[in-house]
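In what comes next, subunit A is part of two complexes: it sits with subunit B in the first one and with subunit C in the second one.
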Partner chain A sequence: MTAALLTLADSRLPAGGHTHSGGVEQAIAAELLTDPASLALFLRRRLTTSGAVAAGLAAAACRAVDDTDVVAALAALDAEADARTPAPALRAASRQQGRGLVRVGGRAWPHPAWAALPVQPHHPLALGVAAAAGGLAPRDAAAAAAYLSVSGPATAAQRLLAMDPITVAAVTARLGPEVDAVAAAAVDGLPAAADPLLDLLAEVHTVRTDRFFAS
Partner chain B sequence: MPPDHNLDDYVDPYDPGHRHGGPLRVGLGGPVGSGKTALAAALCRTLGAEYDLAVVTNDIYTTEDADFLRRNAVLPDDRIEAVQTGCCPHTAIRDDITANLDAVELLESRHPGLELVLVESGGDNLTASFSYGLVDVQVFVVDVAGGDKVPRKGGPGVTASDLLVVNKTDLAPLVGADLGVMRRDADAVRGGKPTLLISLREDPAATEVAAWVRGEVRARALQSTS
Partner chain C sequence: MEVVARRDARGRTVLPVVRASGQLAVRRTGEGAVHLVATAFGPLGGDDAEVRLVVEEGARLSVHSVAAAVVLPARGGSPPSRQLVRAEVAGVLHLTPEPTVVTARAVHVAELHAELGEGGELTATEQVLLGRAGEAPGRWTGTTRVVVSGRPVLHTTVGLGPGTPAWLPPVAPRAYVSTVRIGEPRAAVQTGVDAVRLPLPGGWVGTAWAAELHEAVARLAGVTRERDLEVAR
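Up next, the complex of A and B:
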């Protein structure tokens, strides 16, 4: 089962994640993120807010696959995701990545639950279904969601600031225990941690015309 | 592992090679400044009246190319989609084509009769090429001003593209490039696949490239009905 989890968390899985910076591009523009120390702070903040929310939703979606009415269960979680994602730009970014993951996940792990998802589901929902389809447990879905909440943004910072990739890898790896803790805490609930800063960065970013990243 | 996961499931009805119906997707790649956008604009002008067509642009940083196409009134806004490539234009057309597939599918759903989609890459280097999961055929555009050694240097764009276009032949005397050498070197590495030496300045209609595209559209139509 571990291989499926590694596949899901692999940045090379072609699900479109590489075109999203998770707020990093705008945080750099706002000079909030300038070096490895501020990157670590940004990632920790992201992990404990949107990462925790994503982890809870992913675990719940993984569990929903066994529900007697999968369509209704996933639709309810999609609404829960909307409720936890007030910024329209972040909703769009999440649904865009969800669609990308459905495209590759549906081919990688054929399963009836894919058809039960909304057309452009929030990313954590697609992640939960992918985990279930790949034979993984809710805690694995939460782990993948928590990890992805920092790994993609870390790479974006590396590209945009031409940071030392070894330093960035170290920053991400040292967050490992916190990633595990966030995933473990989120697996049985639906955290609703909000971060107005991330919401604001996303909204400012979306009206820029000079951006490398979709979000 | 669920019981239905075995290799037999990998016969894929959505594999581009088996994609039935829908428009021909043509990738336009090549180094910065070689004339990809100018070629896309020329093809829109020449083929726009014949085919229901749309364009996806992959600018590195801005919406410059999409704006160019709009400004030149080559295509209405709703037929142009620009994608962000996350600082990595190469990845967006080859390794993770998700953003581009989204754009192509959006255009296809907006214009159900679409016959031709041009996917223009962000300017990249000689190793850039399109995944055949994204496009049906690809054109690689280099230019004479980059030096007549470019075809000899090879790279997947030069050697493996379905059509190699060497643009700006009008500049050859000015930069001391030998078109005969470029032709010969290209033929030597392309295994019989076509190469066109053109000047978009002298022929803004891109007549020969448009003719090649027409042939590919016809071939795809035949393939889809067979």
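Up next, the complex of A and C:
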């Protein structure tokens, strides 16, 4: 079962996550992110807000697969995801990545629950269903969501700032205990931690014509 | 504390229930208008206040406060003070209290849970300042959940102050303001300097931050284009 979790969190899983920087591109443009130290702060900020929200939703979606009315349970979670993601640019980014994960996950781990997801689901919902379909538990779904909330953005920062890959890997790895803590805290609830800065960065980014990443 | 607003036979708003206890008093200050009055210094660490607001169909209720709430820590390891507002809105609710100032070592938790019926309207503002002049910042956590016709349209928890998730250098503002507005067409996105307005079904939510409260208020007004919110009363 561990292999399914590793696959889910693997950046090489072609779910489209590599086209998103999780706000990193705009944070660099705004000169809020310039070096490994500010990258660590930015990733922590992202992990404890949108990462926590994603972890809670992913765990709940994984659990919803066992619900008597899976369609209704996942639709309710999709509405909760919208309520926690008021920025249209972040909603679009989440749904794009959700659709990408449905495409690959549905083939990788066939399961009736894929059909119960809304069209273009929020990414954490797709992640939760993928975890369930892969035989994983809600806490695994939360762990994958929390980890992905920092791993993709870290890689984006490395590419955009031409940072030393070993340094960036170390920054991400050092967040490990916090990733675990966020995932553990999110398993039994639906955190709503918001960061208005990330909302603002995402909306300023989305109207740029010279952007490299989709979000 | 509890206030019920009802439309009478002549179409005016009456307040059949205006009840308060503990550290909050309520005064009727106009047709469908009340002011909250703190009966003591505080809130103080460990204080727990619950406010229930019911606005029936066709009624209007405006809730203000007479002065800024200055949150003070209790002695020793201060527990948080809490304020929970539960609103059931079939009519029109304006919730525009004066700012909350969270002094050094104080921790304040504010929650707004608003359930709107079809046609319900809501304007809710929040203005927060961490620390009095020259003082270290306190900590504030604010949760807003707005449900319209049974569907959640906004659910966010913002933490401010040392040790909270989204309050890290280089963006760790002392002043924060936010307004939720439901009851008008879905607004477009508007961005400004440290300010953003986001669309909601039937309205918007605007947020701004700055080093000083008046700057944050001006920045929010800049993206919401609602000058009347600048004074928020």
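Please note the rule applied: the second predicted complex is superposed on the first by the 215 of 215 C-alpha atoms of A that agree within 3 Å, B and C clash if a C-alpha of one lies under 4 Å from a C-alpha of the other, contacts with A are read in each partner's own complex, and residues count from 1 in each chain.
Basically, a contact is a pair of C-beta atoms (placed from the backbone, for glycine too) under 8 Å apart; a residue touches a chain by one contact, two chains touch by 3 or more.
From a predicted model like this one, the values you see are computed outputs, not experimental measurements.
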Touched partner set for A:A173, first subunit B, second subunit C, both or neither: neither
First (subunit B), second (subunit C), both or neither touched by A:P191: second
First, second, both or neither for A:R211, with subunit B first and subunit C second: first
Which of subunit B and subunit C A:G16 touches, first, second, both or neither: first
Partner chain(s) touched by A:R45 [first = subunit B, second = subunit C, both, neither]: second
Partner chain(s) touched by A:P110 [first = subunit B, second = subunit C, both, neither]: first
Touched partner set for A:L160, first subunit B, second subunit C, both or neither: first
Subunit A residues contacted in one complex by subunit B, in the other by subunit C: none
Interfacial residue positions of subunit A with respect to subunit B in the complex: 12, 14-21, 96, 99-100, 103-104, 107, 109-111, 133, 135, 156, 159-160, 209-214
In the complex, subunit A residues that touch subunit C: 32, 38, 41, 44-45, 48-49, 52, 79-80, 82-84, 86-89, 191-200, 203-204
Contact footprint of subunit A on subunit B as seen in their complex: 1-2, 4-5, 9, 12, 14, 60-63, 83-88, 91-92, 95-99, 101-102
Of all residues in subunit C, those that touch subunit A in their complex: 143, 145-146, 151-159, 165-166, 168-171, 178, 189, 191, 194-196, 198-200, 205, 207, 209
